[in-house]
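Note sheet for the following structure.
First chain written, first letter: the chains are A, B and C, and each begins at residue 1.
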Amino acid sequence: MREAIEDLLDGYAEAIDDGQIERWPGFFIENGTYQIITRESHDAGLPIGILYCDSRGMMEDRVRALRTANIYEPHAYRHLLGRPHFERNGDGFDVRSNFCVFRIAQDGETVTFATGRYLDRVVEDGGALRFEARRVVLDSRRVDILLVLPL
Amino acid sequence: MREAIEDLLDGYAEAIDDGQIERWPGFFIENGTYQIITRESHDAGLPIGILYCDSRGMMEDRVRALRTANIYEPHAYRHLLGRPHFERNGDGFDVRSNFCVFRIAQDGETVTFATGRYLDRVVEDGGALRFEARRVVLDSRRVDILLVLPL
Amino acid sequence: MREAIEDLLDGYAEAIDDGQIERWPGFFIENGTYQIITRESHDAGLPIGILYCDSRGMMEDRVRALRTANIYEPHAYRHLLGRPHFERNGDGFDVRSNFCVFRIAQDGETVTFATGRYLDRVVEDGGALRFEARRVVLDSRRVDILLVLPL
């Protein structure tokens, strides 16, 4: 099961790092949720995050907007993931993992863009593991306004 | 055994990243040692490091001082750990792993705070794996005076 | 098999991080290839990279030059590797993994030197796993002229 969970987490990061954001919604179940929130808000139990999607359709809209508008400065990400920690909970798994995302701007400049934790709820869905919920808890409260690609 | 060793290493980092430094001494045996040393001193075989604790009690004192004095600039860490390399040696294990620690200041600024290696001696202690010795070998000789949280 | 592949990848990084670059060619088969290329060139299918070695002998020459000339600014690397993704292909394996390399200058300054992917072809060679081909795909087009140690 560890292998299968790590494959899901790695595959997700790989799709984004490769610039294949069209594949991003497919890592979630139909009514899956995706949220980016600061550690400060998460620890305070505040529900309001930086970004929230509550279905695969909403994620697909976001991908379309990104591809169409194309107003953002083009850049790429590179994820480095820590080993996940997980436990079975009902019919799925609660998974926690550390991450660091580097951002490479078009001129080649590389910065440590974000560090934090993924807090995930993973379930089996049609023979594959998918996210029922993925919460990205950012360590820093300094959030780049240009944040556009999913983390 | 790999699973158990990785759980120990990850759990240690998780406790610190979560700000639960009271849990830090519990990862060591009663007479466990903890040392931070630069690579330069380590390679030269110099015994003097930046920080040295030779018992769980000494670590508990350090935690208490941190919580009481509270004079340091509040910040958080985020560890990313490499896959450990280990071998059995007598009744325990010699373990080596790479690490990178990011430091997130209260204003949100994130810096690559430290990189290096953990050189560990891990033993079974009352049914759990614990550090008999943990040596943190820092790559850089530039050490932040404000170094306060354990690495 | 995952263990054996991860041992190869970790061992390679460890040799370089420890400054034992004489061990570097030994991770390749006799006619193994090593290439550093930017993502831009790789994606465009351009064959020209930043560095190319097509045999262990060529790598040994490079190591000798590094040790003899010694004109470069001394520095050290620290690798952090992502979990590899691999599949059997004929008599070997196609392996992909993410990496981040930090560079620590002699004055202690630490920078995120390079991020990217390793695209490897790994085969059994005399009882051990070795690289038949290792392609280092750098995320950034900004390449440090001083690039001297293998990545």
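Basically, a residue touches a chain if its C-beta (ideal position, glycine included) is under 8 Å from a C-beta of that chain, and two chains touch if they have at least 3 such contacts.
Model, not experiment: these values are computed from the prediction.
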Interface numbering overlap (same over half, different under half) for chain A and chain C: different
If you fit chain A onto chain B using the CA atoms, what's the rotation angle, as a multiple of 5 degrees? 120
Between chain A and chain C, what distance separates the C-alpha centroids? Give it in angstrom. 29
Shared-interface residues of chain C (touching two or more other chains) are 80, 83, 100, 112
For the complex, give me every residue of chain B touching chain A. 6-7, 10, 13-14, 17, 76, 78-81, 83, 100, 102, 104, 107-112
Residues of chain B that touch chain C when the two form their complex: 39, 80, 82-83, 85, 96, 98, 100, 112, 114-117, 139-142
